[in-house]
Each structure stands twice: as C-alpha cells, then as structure tokens.
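Multiple structures follow.
Same chain, two partners: subunit A is paired with subunit B first, then with subunit C.
So, the complex of A and B:
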C-alpha cells in the first residue's frame, strides 16, 4: 500500500493554509521534485498492484475445500464427471502453470472464468458494478455529508449537549452489527408486522414487474432506502469523529482569532475559516472509502439481497470459486490502490504543507 | 456575539457563496417530496407478489445459476428449474414414490435385463411447436455418451449404456452393458435435437460454458424459461399446451434473497409466495403468522456421523491419521450405543426430525429398514456399551478416559460443519455421551472446506455427513462399495472409507434385481450390514421445513402426497399443480392504501422530529454562546 498522508505530516494546529508554504527554491528544481514525487507514488502503486496479483492467486489457493467437491456436493456424480469438471476449470494443471495462465490473462485484461457461473469474471463484475456503485456511492456521500456536518458542529463546541448527544448516537450505531441493524429495519419497516405496514421492500434492487424508466427509478429508490439507511447509520461516525477532532485542533488557531477580531459572526468564522482547514484529513478518509465503494458493503448487500459486487464475492467465497474470488480481489485491491494514489496526488494541491 | 444564526448549509467551500436561505429546511422539504413521490410505488407494495398479473407465484431463492444448459447444470436450483422446462422419460408418482409415466407411456425389459424398450406418448410437442419424437430422446442420451462435456451433469445415468436407438417415432430402445435397476428413474432432461445439435456444433469445445440463455428456451415441460436477471430474478412462463394440462399459475418468478431471515420477512409482507429450507426457529416463528402455512415434510435427508475405520486406497495402501483403535468394530459399536438418537432429535432438531434406524429415510417406505431388537440392535444403552469396552480390554485410565489394548488413549477428534446448527448441536451432545463411556472427544466445529479436506485426506476420527436420498436409493448405496474407495488419496467417491465384501455382493445383486419387492429386501440387508459395521452411523432424518402464503396459493401438490415436500420434488408436481388463491383473497390481503398512509405519516413524523431536534440544538448552542 502507498503511504497515507495525515495531519501528522504537518504540525497540527499550526499556521495552516493561511500561513505561507515553506520557502521554495524557484523554477526547474520544483518541477523536478514534483515529477519525482509523482513517479515515486506511481511506482509504489504499481508495486502494490503486482504484489496483490501474486497474493490474490496464492492466497485463495490456501483456502480450505475443493471447488469441484463443493459444487458437486450432494449430487449423484461419478468420478469421471468430477474429473471432467476439474479439467474444465484447469485444476488438473500444476500450480505454476495455473499461475502463468492467470497472470498472462491479467495482462490481456482477462480476469478468467468463474467456476460456478461459467461466465467470464470481467462480465460478472461489470454486471454487478452499477448496483454496487449506486448503493455504496450513495451511502458514502450521504454518510460523509451527514458526518461532516454534525462533526463540524460537535467539534466547534466540544462537551456541549449537541456534541455529547451526537457523538454518543454516532458511536452507538458504529458499534452496532450491520447485519443486525439491517434485519431490524426489515422486520420493523418492511415485513408489515402488527399495525406497521410494510413500507419498503425486504430486498432486491427493483421489483421484478417494473417497466418504464420512471417506474424503475421509483422502484429502485424505494429499494434503496433501507440499505442506504443501514450503511449510513453504521459508517457516518467515522466522518463525524474525524471532522470533530480536526476542527477541535483548528479551534485554537490564531487565524480564527484574527477572523473574530475582524468582527465576523461565530458561524461565519466556523464555516469560512475553521471548516475548510479542518476538512483536509477527511479528504484522505473520503478517498480511502471511495476505493472501497467498488468492493461494496458485503454485509449490507447480503442482508438486503442487493445484486452487487459484495454479494458476488460472498457467493464466490463459499465454493470457493477461485476464478471469481481472485478476479474480484484484484479489482477491489486495484480500486483501493488507485484511490489511494489519487489521494496522494490530490493532497498536495489541497495542503501546501505537504507539497514536495 | 451576533445572535443572528442560521442553520448552516452542509459543506461549503469558502469561495462559493450561495443565496442565504434555509438550506436545512429546503433539504427537509426536498426529502419529504422525494418520499411522497415514491408513494405511488409504495401503494402497490404489499401486494407485490401480484406484480405483473394476479397469477404470479414468487419463490425466494439464494443459490446462483451455474448454467441453464441441462447437460452441464449442477446446482440444486438449476436442476430443479430445468425439471420444469424439459420432460424426462419417467417421473415419480406422488402417491407411491414409485416410477410413473411421463414422456414414456410404458416400458419393458428383455429376458436378460439388458434391453429396455420405452414407448413414448404421441401428443408431446416442444414449445416451438415441433413434435417430440424418439429421435430427440435417442440423440439426448447418445450425446451424453459420446461427449464428455455433455456428460458433466447426468453422465452417471448413462455410464452403463451401450447403445440407444429410435426404431420408430415413438419407440426408444436402450441396450445396457450391465443390468441396471435404476432404468425406470432416469432423471435426464430430454432436449429438442433440432435446437441443440446446431448449438453443439457451433460451440464445439466451448459447449461446457454454453449457458442456454436464449429466452424463451425451447422445451417440452410445463414451463418455459423466459428470463434471467442475474442475481435478481429468474422467470418461468406457463406452457399452456403441455400434454398433462396447463399449470395453474401463469408465471413463476424466483427472486434472490441472499439472507434467509430476510426471505422470511418477505413472505410475511407478501412479496413472495413461498420460501424453503427454513431452520427450525424460522419455521416455528412462521407457524403463528396469518395467511401462512408451514409445511413440515418427512425428511429426504439423513444426518449421520462416520467413524474412520482406517483410510485405505483401492490397492490397500493406508493413509491418513485416523485413531488406530477405530479399526475395532466393537469400539465403533460401543460409540453408536452410547448415543441416544431421540435426544439428538429433541435437542438438536427441536423435535423436528425422526430418530434414525437404517440408512434410507422412512419416507421411502419399501426401502427403509430399521433394526428390530435382538443381537443386532445397537440402540442407546450406555451400560452395555461400557460392559462391551471393559470386556474388550479398553481399560479406564486415572482420568476416566479409556486406553485401547494397544495402549492408545481414546481421545478422538470430531469434525462438525460449523454452518449447520443441527450438526453443531448434535456434536455437543456426542461429546457428553461419549464421555459417559470413557472416550474424550475433541470437538472441531469447522468450515465445511476444512471438514472436506480432513475427510479426503483421511485425517479424522469422527466426522459429520448427510445425504439427500432420492426415490431410487442406488447412488447413496453405491458410495459405500469398495469401488468407491480412492484410487489415490483424495479421490474417494464415497464418504466413509467403508469396504465390505458382503455389502458389495448385495449391492450388485440389488442393481440387477428388477422386481421391486425383491430389490427392496436386498436394500434392507445392505442397510443391516452398514448398521452392524458401525462406520456410517445415521442419527436422525430432519424434517423438511418450508412455508407458503395461503392468500396467494390456494392448493399445491406435495410429493409424496402424505408428508411430502414442495421444493425439490423429483417431478414437477408442486408448481404444475399450484392453484392461485382467488382474486378477492389476494385483494383483501394486500389492502395497501391505509397502511401506506400510516407509513408516510410515520416518516413525516420522523422528519419533523429530526428537524425539531436540530432546531433545538441550534437554540441550545446559541444559549451556550450568549
């Protein structure tokens, strides 16, 4: 993994954005340093990716169980039928040969074939990518907005009633098991028990009968309510806590005193001066989480039968469907690495203190 | 400080100025509007199973589709679906569990039992209008015999076929290498040659990956596969021209629920009509729900534990690391006698099972066998078990654990599937009961993959297993013949390293016996041998638990009719016979609008409350500041 910039890179609570960047020698030297910085980050990312490719192959080979046995479990098959399956999956080949096939396939962007679905892994992933990005993306955006909004307020008046209540509530949900919360929402808001009607669907993404763009969109929106709620409830605390502590760090800063001295209202001081500076650490978190948007939220997708990548991964692990899980592993890892790389590249633009 | 506070906009970059409004209020209003916009869709929600017409039966499934290619489909969900799309030669009579006519009206065997002649119905057409003839049948079987990729799913049925011919349009002749008593239960989907021959040519080597997803698929069964939205739903349309008569429902939709508890809630809400493979807790909870019928069917499956008698290959090479003392039959029998199967039923299955005797579950009346007293009875008797072990020289050590005559302490590993609650519970009981006879058990509750690896490596002492037994028990009997031993470690066909000469002779005899009562007698004696040798020890036959909504399904055929199940039938009786509940019943069950408005009210209330909280917070922080 690439290194992650945090506030530790600069003295916390120091002069910050308003302060001048460290003195810099002019012109060509700087461009060279930037180029070196970018190249360094790119190399690290490429090395990480290569490590992931190798690990992805051998890691899943260590998984206990045999895909052919698991897939034919309880079926009345003969030894010949099992052998044929083993041959079709390429499991009769020596390990190094399997690895070469897999690695050379990756170079051609061929992620291999799933054992249980008998379809190219890339196609399966593309098919599930949309739903996952829709769900996890919406969830991340809502959680980030909610967390940052509440966190900014909590951090502005730490120890106040709003802070105590909001932090407690957020930490409560953070510690609640996703699975349990999801099922609870289904039981109370979807199944129509007692006098509470079934407000939302119990699972899936679109009602099977829906046709037409509007109907599909409305149906999808309805299906999204509970999963997004579950996801947001569980993760928004991260944003809240980071925003809160980083705003607390900024609170004592001199530039805020200056702003107040100018006669600005308290809200404006917070909004225009404190929050933008406190936002920096959360940028890292947002990027990290964006990388995970692709891998989805396995538990939420499973509880709500959401047809996304997380659920696909879960179904692959049970077999183990080696072709599928190693392909997904590479894609998940690549997306995290890519987002991390982006964070590394974007961060210096936002924070002069870490500029090369 | 300035007392003129406004709720802040969410996140704003310092440079961007927005008109000062009340962003929070606007956001709340937008949220409410969005919810209200969603209500027309909401209104139809509780009656969701009726979407796309009244006569839709919705089933919750979780297993993914491997392939709709009947030559290669392996998984339970696809083989089940394909049974409704393609007819077979014969089916199972839901009253008697015996083979019954389907495509074949009648069948007969030659004197030597090596030639079977099937006479086909003359009124069968495929869903594209082409007639189904003997040529289609012969081509289907021959393809499986000649093409290895086409034998992946059902090759076991044709392993002993020599030749299949179609002397005329309605006669199929199958010649065998060896007599095969399972010939009247060939569960092989018959496909249209005019569709599949071109596919086979076109796909060539890639046939193994051909998924048969050109909808609607052409078949002769009571349903036509009409759509598959991967990971979301599978749709079957009724074939109104089916020779047995049109199915009661127009459409069957299988919807994906990856979590069974969520599927149970969907059944409560009416989004689905049927859910299967319930746990005992789920079934019990549903029993009290309105408009839901829970079906507790006689088990098809047995739950068993096997004792490692010493893993060997067919050539007699020993491998693995099973406890050496377990080669002694007396010790194995004592272990069986220490376990109370009634206790397993009560505590591990909550009473939803039948205590086991023989290998074949009692739902198959004529093949089922139970020990009847006398010397052969290994029923629960810990005192007798202790006496047997004392006599055989297994002395108790200072810690109460016995030591074998060869000096090995009786500490046994036990592998249990961690994902099967009934096995986990039964395992806990076994630990206690075996302690009663001086055997220490190391309880290894593990991932099924770990368990499977231990089994095939012969590195276990006690291990849990279970099989679903089909109306023809041949296969589950075959896995305990000496031929099922591994040729080399890891390749075992069976699941117990069992090998017994008498058993093998009886097995061959039953396979060649075409007279059903005589064959049943041989099957009884096979179970007796298995029981006596105490390698494969059956504990219980768990009930099948499934539930459906009576306001959506008025009636449905069980297989067998008495104590039978709905999902996973040998035939297509359930979905073919299911009749929709009347329209009024459906409407009264849905009653959407009031509920919806109450719900919308609740949501608005929550929004108002949240808004109030925020306002309150604002005021309080304001006071802090003054």
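So, the complex of A and C:
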C-alpha cells in the first residue's frame, strides 16, 4: 500500500551499492570487499529483525495498556479469571522480565501461546504455512510475469495506444480494493445466484470429498483460480509500472542505437537488448514490494476462506487474540526482511555493475 | 528524479526575495513583484494541467464527489441510517424508491454510500495529512543535515533513513491493522494507524528532492548570508520540495482511502460510523456475498474505486506537470 506505481525512481535498496566500483583489477582486495558487503547487509538485516522484535513487544504489550483487558473485551470475566490470565501469560512480572522472556522465546522459535486456540503460535503458523506459500507464490509469479511482459510492451512505445490502454487498465485495478474484487468474483462467478452458474467454489482449499493425490491437486487448482486472479489483478500493476519506467530509462541508451544500426528488427532490439537490462533494477523492486504481497495475501485469504496465515491473522483479529496477532506480525515482518536480504545478496550476482 | 525547481511550469514560490529586499520603496515593491510572479506561475501551472485530459476528468469527479459529501445531510436523513430507523424491507433489489436496493436491515444502499463518502474522505485526507507532515519532516531533516550538517548531521540523516527503510519494507497492512487492533476503537485510531504506516515513501521522495535543492547556489548564498538550518529549510528547501509533495499527497489520499476501507473490512474500523469499508464488512457478515446480493456490495466498492482512481489521475497529472521528463514522454 505504500508506494504508488507511478513513482519509480530507481531501486531504493540498491542506493548504497550502485557507486561505480574502483577500477582496480580483481585480486586480494576483491574478496575483502565482498566480505564487507555481505557483512554489511547481514548487520542491516539483523538490526531490522531486532527492531521488529522490539516493535512487536511495544505494540502488543505496552501500547494496549492492559493486554488482558484487550483480550477479554466484550466478554464477562471475573477478577480471578483476569488474574489467572495475567499469570498464565506472565503479565504479572516486571516489563523488562517480560521482554527477556519474549525475546529469548523468539530465539527458541517460541512465539507464545494463542489465547483462542490454546496452542503454541509457532505450531499454528507451521500448520498454515504451506497453503499461504502456495497461494502467494503462484500469485506473485503470475503477477510478475504478466506485469513485466505488459510493462515491456507499454514502455517500448510510451504514449502509444497499447501503452495508454495497459496503463489505464492497470491503474483501474490498482485503485480497486483487493477484498472487494474478491467479493465481486465470488458473487458473480461462484455464488451461483448471479448471471452465470457457480463456476468456482466460494472458498476453502480442497473440496471435502476429494481423495487421492490427483483429485486433491485438481480440486486445489480449481479452488485457487479465483484467489490467484484477485491477487494478480491487484499487484500486477506495480510490476507493469516499474518495468515500463525502467524500460523507458533504457530507451535512450547507446547500445540500442548500435543494435539498431546492425539492422536488427525492432522486436529483437527490445527482446534481446533492452528488456534484459531493464529487468535488473526491476528485480530489487519486486523483492521490495513483497510487503504488499503479504498485505494482499491476508485479504485474499480472508475473503476466500483460504486456510493459510492470512486467515489465521484475521481470526486472531476478530477475537482479539493478541498473542497470535503478535506472533504473525513478527513472522510476516521477518520473512519480508529475510527476502530483502536475499535480494541484496543475489542482486550483485545478476548485475556486474553493482558488484562490490 | 530530475530537479523540478526552475523548470517552466513549476510554481516558483521560492527564491523570490522575501528576505532580501525588505527596504525597497519603489512603485513595484519586491513583494508585489513576487506576488505577480507567483500568480503567473500559477496560471502557467493551470494551463499545463489543463492539457492533461485524464487529470481534468479526475479533478471534475473529485469536485462532484466532494460536493456530494458536503451536502449529504441535505438529502439523506440520518435517522434512516440507523438499524432501527430503516425505512424499507430487507434485501429489496434496486427500484424507483431505492435506486440501489436495500441492505439486510432495510436501509437504502444509496443513502449509505452517499453518507459513507463523508467518513471515507475525512479519514483519507487526515491520514494523508499526518503522513505527509511526518514524511516531509523526516525526509527534509535527513536530506538537509545529510548535505550540510557535518558528521553529526550525517549520522542523524543515516539513522533517519534506516528507520524509513525499515518502515518501507514492513508489510504496511500488518502494521496498520496491529496498531488499529491495540488502540481504542475510533476514527482517530484509524487515521493514526494509516498515517503512521504510509509516510516512508514521502520521506524518501522528499529527501531526494531536498538533496537536489541543497546543491543549488542560492542555498549556498543563503547560508553565506548567515541563514541558519531552520531558515534554509523553511524558506529555501521547503518551497522547492512542495510541488513534489503535492503530487505525492494526491496519490497518498487514494492509498489512504483504500487502506481505510481495508481496515474497516477486517473489522478494526470504527463500528459506530458508516463508511464504505464498513458497509462491505456488514455485507459480508450478513451473508450477502454467498447468496449473490450484488447490489449490497457493488456500490460501496465502486465508490472506493472511483475516488481512488480520481485521486490517482490527478496525482499523475500533477506529477507530469511538475516533472518535465514525464511530460515530454506523454
């Protein structure tokens, strides 16, 4: 939700790395520089993770004032029950003690206990991880491919008809709330009450009666059509915009003139020369936008009752089950930070210009 | 990002001598000259903007929706928006009396959508204000002290940018929902939750612009004449950063309105007000989705999309006026 697809002025993550490398030849200094680069990125990621841990504690233990009251809001509870809950969650201890317990628990991958399910949060998350990875992964890959393909077309002839239509459609989907698009798809394609019979299931991941690997896979695929469509429609716009502006930046480059002077056809110039170079800055931005994929997956899972982390998050919000929400907050934030670290480490392998 | 300052079509509000020629008493005083120059710049700006058809359409749509939201109390009876005062029967399809049908309590959907625009627009504007002020402060401080603050300034600047990057990477929705869930329910909470999560993009933009402005000679001149940090930032940097911020603000309102409806849909909104997201949440909880009651959920979502799209169109038009690089490609 943060960045708009219209303003893409270079990969912010690569800011530190795109200083031109000193002209000295590869040798002993090279290994040192690579080690320094990797160490720097690891330190940054570790600091970010530490900040997430502190933020999780601050958000859910200090900000609400009394977590027990927040947990039991809207329910009748006696003073003893409240005391019992407070003891159970260790809230009667001093704050620094609570923080130490929480932080050392995190190191042991203990994310606390869910108030609602009466189970360790880490186990709940592990159970639901698979479906989310399946949905988010498929959605991201399809959206990235579609967005990059259309963006390359649009950016090659900016202002042309293809560009105008593509940009308009992408902007429209960008302006539509994710969850509403999902609801629309359900009403018109799944509820069976609209203008077409129910083509797809309204929610869930597998039909109850499915058995056997093939049948389960087919049923899952059928259940995935609408959620994936929703995710793709909402997030492909940013990939399109990024690719479009990245390609427009490459358009004036001398090597394209050379390619044209060689007599290459226009499509070949685009495909073989312009697009590969324009793809590079796009890679970083695709990883930077993973936070938005997380946002999208929460909404899509909620709308389609997909049994993943997003739906778990929603169920934690409804109760409210702050232990569960806290655990998921830490996991979502940590996974995005780790993916960004991965992008930082992989990017120099792809683009020799930014190698340390 | 090329520097917009000094290009044709940019409102040149800065650099006009508010500090220098205070003593001039000749017929066209410096102040009058500055005012005239500003008026001309504004006219040029309007002319450039008017060339962008999509931007004009967006602006017209926004004016119409704004007028509708402001005059809503004239033709929507608030009593009919309560569950007990609902005028019709439940789930009536669109008819002459209820152009968009009724909800599960018998309230007119049209009235709900019109009334909902008030909350959605208010939250959108206020959350944007919070995040723009925050983003501008952080971005300008980081840019200014990074460029001319010595060692301590560079440390402050890099710490600020680290914090910004941290917020930029975090999943916005998760943070906003968490904030909205732990703070007491209410419209104020929603505004704070959105405002505190969408500012980093503005901060980055403003920092880049600040760095470009700081490299200009007139900033050096101001500093040589004894201008302190506050003076340079307020009188020289801020006016030149404003155009970029303005375009970003317009785009952020769209983001904020979508964020508001999302929070309301996830059930962390203010349950006592009627907002577009709230209507959609009610539609889902009432089971209107699986029973195919399309008139309950199409209008509020369409309203969100229309407003968000209008703001986006305006923002892009402003951007293309301010940033000549974009304009030439149009």
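By definition in this document, the second predicted complex is superposed on the first by the 291 of 356 C-alpha atoms of A that agree within 3 Å, B and C clash if a C-alpha of one lies under 4 Å from a C-alpha of the other, contacts with A are read in each partner's own complex, and residues count from 1 in each chain.
What we mean here is this: contacts are C-beta pairs under 8 Å (C-beta built on N, C-alpha and C of every residue); 3 or more make two chains touch, one makes a residue touch a chain.
None of these values were measured; they are calculated from a predicted model.
With both structures placed on the common chain, the touch criterion links A:333 to subunit C but leaves subunit B unconnected.
Contacts of A:171 after superposition: subunit C is touched, whereas subunit B is not reached.
Within the superposed three-chain model, A:314 lies in touch with subunit B and with subunit C [touch as defined at top].
After overlaying the two complexes on the shared chain, residue contacts for A:187 are found with subunit B and with subunit C alike. In the superposition on chain A, A:63 makes contact with both subunit B and subunit C. Of the two partner chains, subunit C is the only one that A:298 touches; subunit B does not reach it.
Contact comparison for subunit A: of subunit B and subunit C, B touches the greater number of residues.
By the document's definition of touching, both partners, subunit B and subunit C, reach A:202. Looking at subunit A, you'll find residues 63-64, 70, 183, 186-187, 191-193, 202, 302-303, 314, 320 touch subunit B in one structure and subunit C in the other. On the subunit A side of its complex with subunit B, the touching residues are 63-66, 69-72, 74-81, 84-85, 88, 113, 116-119, 124, 127-128, 145, 148-149, 152-153, 157, 160-162, 165, 183, 186-187, 190-193, 195-210, 215, 218-219, 221-222, 265-267, 270-273, 275-276, 279, 301-305, 307, 311-312, 314-315, 320. On subunit A, the positions that touch subunit C within their shared complex are 1-4, 6-7, 9, 12-13, 44, 47-48, 51-52, 59-60, 63-64, 70, 158-159, 171-172, 174-181, 183-184, 186-188, 191-194, 202, 248, 288, 291-292, 294-295, 298-299, 302-303, 313-314, 317-318, 320, 322, 325-326, 328-329, 332-333, 336-337, 340. Listing the residues of subunit B that touch subunit A in their complex gives 1-2, 4-6, 8, 10-14, 34, 37-38, 40-42, 45-46, 48, 51-52, 56, 58, 64-67, 72, 74-76, 148-149, 151-153, 155-156, 159, 208-209, 211, 229-233, 235, 253, 255-259, 261-263, 265-266, 268-271, 447-450, 452-453, 456, 467-468, 470, 475, 491, 493, 592, 594-596, 598-599, 602-603, 617, 620-621, 624-625.
Subunit C makes touch with subunit A in their complex at residues 1, 162, 165-166, 168-179, 181-183, 197-198, 200-201, 204-205, 208, 248, 251-252, 254-255, 258-259, 261-262, 265-268, 277, 280, 283-284, 289-294, 297-298, 300-301, 304-305, 308-309, 312-313, 315-316, 319, 329-330.
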